[in-house]
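The next block holds one structure in the form of structure tokens; read it before the comments.
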Amino acid sequence: MDHVRVKQKRDGWNWLWAWANPVKFMELSGRALPWCVGIAVVTLAVGLIWGFFFTPEAARFGSSVKIIYVHVPTAMMAINIWVMMLVASLIWLIRRHHVSALAAKAAALVGVAMTLAALITGAVWGQPMWGTWWAWDPRLTSFLVLFLFYLGYMALWAAIEDPDTAADLTSVLAIVGSVFALLSRYAVNFWNQGLHQGASLSLDKEENVSDVYWQPLVICLVGFTALFVVLLLVRTRTEVRKRRLHALEMRERMADA
Amino acid sequence: MIALLIRDLRLSVRAGGGFGLGLAFFLIVTVLVPFGVGPEEAILAPIAPGILWVGALLACLLSLDRIFQLDYEDGSLDLLATAPLPMEGAVVMKAVAHWLTTGLPLVLAAPVFGALLNMPPEGFLWIMGSLALGTPALSMIGAFGAALTVGLKRGGLLLSLLVLPLYIPTLIFGAEAASRGMAGFEAGTPMLMVAGITLGSLALLPFAAAAALRINLR
Amino acid sequence: MIALLIRDLRLSVRAGGGFGLGLAFFLIVTVLVPFGVGPEEAILAPIAPGILWVGALLACLLSLDRIFQLDYEDGSLDLLATAPLPMEGAVVMKAVAHWLTTGLPLVLAAPVFGALLNMPPEGFLWIMGSLALGTPALSMIGAFGAALTVGLKRGGLLLSLLVLPLYIPTLIFGAEAASRGMAGFEAGTPMLMVAGITLGSLALLPFAAAAALRINLR
Amino acid sequence: MNAPADALVVRDMTVARGGVPVLAGLSFRLDPGRVLILRGPNGSGKTTLLRTLAGLQPAMAGTMSQPAEAIAYGAHADGLKAVLTVEENLRFWASVYGTDAVEAAISGFNLTGLRSRAAGNLSAGQKRRLGLARLLVTGRPIWLLDEPTVSLDTASVALFADAVRAHVAAGGSALIATHIDLGLEAEVFDVTPYKAQAATDPAAGGSFDEAFL
Amino acid sequence: MNAPADALVVRDMTVARGGVPVLAGLSFRLDPGRVLILRGPNGSGKTTLLRTLAGLQPAMAGTMSQPAEAIAYGAHADGLKAVLTVEENLRFWASVYGTDAVEAAISGFNLTGLRSRAAGNLSAGQKRRLGLARLLVTGRPIWLLDEPTVSLDTASVALFADAVRAHVAAGGSALIATHIDLGLEAEVFDVTPYKAQAATDPAAGGSFDEAFL
């Protein structure tokens, strides 16, 4: 078979591609999961508690500033997850590793939740800050667009019955969609210059938020990343099990048809 | 007849989406409009109720051809017509199923979309109320239009063309009620008109739609 | 391949309407909006280019599922796939046929509808130009969406959900070009962007669409 | 004619398709316990006749009498919902007709193994079997069937013939348009001689658009 | 196998539907001038096999060799456009395949009288005849036909058999899935013994979703 040869060529990467075998994946992820859960719980607890209770209230922002510890990490994760889905889709299209397609499907669910969380925390924050729940600021708008892309991607997964067909088509959509999502981002920036904060984590800018806020924020970022990994593993494992059930049903049908 | 309702709901859930799709479409329309007309709150807020009503109307419209077309194509409509089920009842059930999957979610989600269009919160109840009263009429009128065009290959656009003019009174009164209510004016009259249109449609259109179906099957 | 184009045009003319339907829908949307948002010129004129663009986009959308769905249902798509005709070519031809029956009439009629929305005459050329450059992209992107969803029973709304986000850049630049041009500002950049999107879509999407079709026929 | 009240009696009927009469002067009767096979070359008007009898289109002339709510119609198309399972499809029709014969129908057409498969995933012949099983859940005595055995293999055709025999034995009747031999004991009614002539005499029965002639 | 270059040769093929292998280990060949009848009960996988050979879906295992651009596929559905006339439908396919055999096809399937009728207004059998006439305008040597005689009356079946005979005499070949007897001199290939078994041995060919088990 074709991919056997490829595997031999890349001996050094075998440990990675081994994950692409569903059975192997279940085994490895089963062992990794508790560790990930541990890391996520600890970092999140430290980051959020530090952020919420042990940082001073900002002069201008009041205590509402503390929402930043949820808002920023979820917002960043929302973008990163889309990128991860794109990569997973490409892997599926090129090497046809089932776990990769299922991971993309699983990630979409987490991604849409993160996007929604960023939107909602943003809206909750916007109310005291800008006096409005929503403004058509480019950053906010492009987030809404990202949300739409997530919705479309998930709806396509849901609408197609055959799992491989669904994986193929959603991968094509993820690729085309990424191009258009990027385009929309530029379009939105062109269309309206807005109210939203610039990037405040860039290291060279002097307008950086002061260290007191910065340190717990970094920990929260790590925590949310770990949380994503946990959720991704759990969801992917569910998808693998569902697929396994499907395969068993099919086999049974072949036996008695 | 309940069996038909259950079947239709099940079909729309199975065939992907069900309740969510209409909502998602509604969301997209409300997002598109600011892209077209610009982001200024001063422009958006006053037109918000109108946009929401137009969006609801389009979301209904896009799902209309599914009311009878699929049943026609796979032959179920012939079989339903020969079944011991008054055609009028079948029409009503199909309109109800359509409303449950499209109209109702829109009513519930309207405030969120209103907020997106910078609508002041005072308007939320009004938009929900006017949509709740008006969307059943949209589904029923739509079912009538779908019955008229079932079996025509170019269904989609023709259907819209037939149905949109019929939607105009509902739209005018509905949007008027919502925007008057939002602005704090008296909105009872347009609300009553919307309710009247809905009641009238529900009382009369099933017969017209059933007649149209029978003619189309001939 | 020209045969396919001719067949599609003939089908859309025969099956009722053809060029007229898209136009009529466009007309109705432009008529609905004043009903929804109120008739004041001060409100309407500035949003006119945006409304026209949104209307064009919705008119395209409504006719999209016809691009492949009918051919899929009656088995022609299977037969076309086994015919000596590159799938990419078939996709392009279908997009062209769609543009000729929906996009082109809209471009030509835009000034009339602009006038209905109290748009100042200086804007006419701009709206025509931006639509002329942008609608081919709408048809091509739509063909891609239609290829993704062909064969899915709940096509209509799902298709919209997939396609509308892809329309956003075209819409933004197109409407921006038209309204800047109308207001006498520099509009070259957004025009160029629209043209770029159209060219890019025409160059790349046929391949994606053909791939999607092949997967769906499998 | 002194037919029993539960017979389907057709007198002097003219049926039309697209405004054009295709069969004229048809008279026949279908008594309980009998099977009538409708024959005729392609395009002779069998489908048109069956649709008229099922009440889907009006007859151009002639009368027909039949017991109330007695007819079950099986068309060229099966009316299956691709996303519903075999069982759900049948249950739906059972509840429309207010009967409860789903299990009998499933086993009668050998669908037990396919019971929870989505109808869209069946092969052509399996779909057809499901379409025929629908007849059993209607509980109606008079079956009007339009080429019921299309796509069926020989075993399934035999299954169908058995079902018809059982139906007839229970006092039902069936009018079946078909081109093949079903192995049923039945009368044959050939529609070929009844082909409608271009009506030269306006009084002759057909009257389509004659006002324009 | 030393097949002539213009034969359709299938070796050890496994075909799958919806991810499930339905037929495994198929090997056969179809030489020019021959007709091969595909038999098998409903749901045995004939349609799946034909679609695979036509290139509409990938085979799960095995190889197939065939001359380039040689296959014309006739499916369960006819792919007719209801609003186009009989002649326009055929002309379209003729120009897709770059041939000019419309008149021969029309007369070959006795469609002369229906030439300018919209395809949507034909009866079931007439539609089928038009679908078969399409094969003649493809000009392709290998026909893959899925139950071509569905809905046809005996006269039309004979017409079809004649068309196949003429095609074969001219060096063409045909693979026909059917349940009825066409009166053609032909080999019969029964797919029943090739029913795919639940693969216990992954190397056996089928490999669907096995990674998950």
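Structure notes:
We just call them A, B, C, D and E in the order they show up, numbering each chain from 1.
Basically, contacts are C-beta pairs under 8 Å (C-beta built on N, C-alpha and C of every residue); 3 or more make two chains touch, one makes a residue touch a chain.
Treat the numbers as computed from the prediction; the structure is a model and nothing was measured.
Under the contact definition, subunit A and subunit D share the contacting chains B, E. Look at the CA centroids: the one farthest from the centroid of subunit B belongs to E. Counting C-beta pairs in contact across A-B and across A-C shows that the higher total falls to A-C.
Compared with subunit C, the chain whose C-alpha mean position is the greatest distance off is D. We define each chain's centre as the mean of its Cα atoms; on that basis subunit A and subunit B are separated by 35 Å.
Per-chain Cα centroids separate subunit A from subunit C by 32 Å. Between subunit A and subunit E the centroid-to-centroid distance comes to 47 Å (mean Cα coordinates, whole Å).
Annotation: 45 Å between the Cα-based centres of subunit C and subunit D.
In subunit B, the residues touching two or more other chains are 15-17, 21, 24, 28, 31, 35, 38, 153. Annotation for subunit D: residues touching 2 or more other chains are 76, 82-83. Within subunit A, residues 145, 148, 151-152, 155, 159-160, 191, 253, 257 each touch two or more of the remaining chains. Interface of subunit E with subunit C (complex): residues 51, 54-58, 69, 71-73, 75-84, 88, 92-93, 95-98, 134, 138.
Every residue of subunit C that touches subunit E in the complex is listed here, in rising order: 3-4, 7, 10-11, 14-15, 71, 74-85, 217-218.
Residues of subunit A that touch subunit B in their complex: 123, 132-137, 141, 144-145, 148, 151-152, 155, 158-160, 191-192. Contact residues on subunit A toward subunit E in their complex (touch as defined above): 21-23, 98, 162-164, 240, 243-244, 246-248, 250-255, 257.
Residues 17-18, 40-45, 47, 76, 121-126, 128-129, 147, 150-156, 179-180 of subunit D are the ones touching subunit E in the complex.
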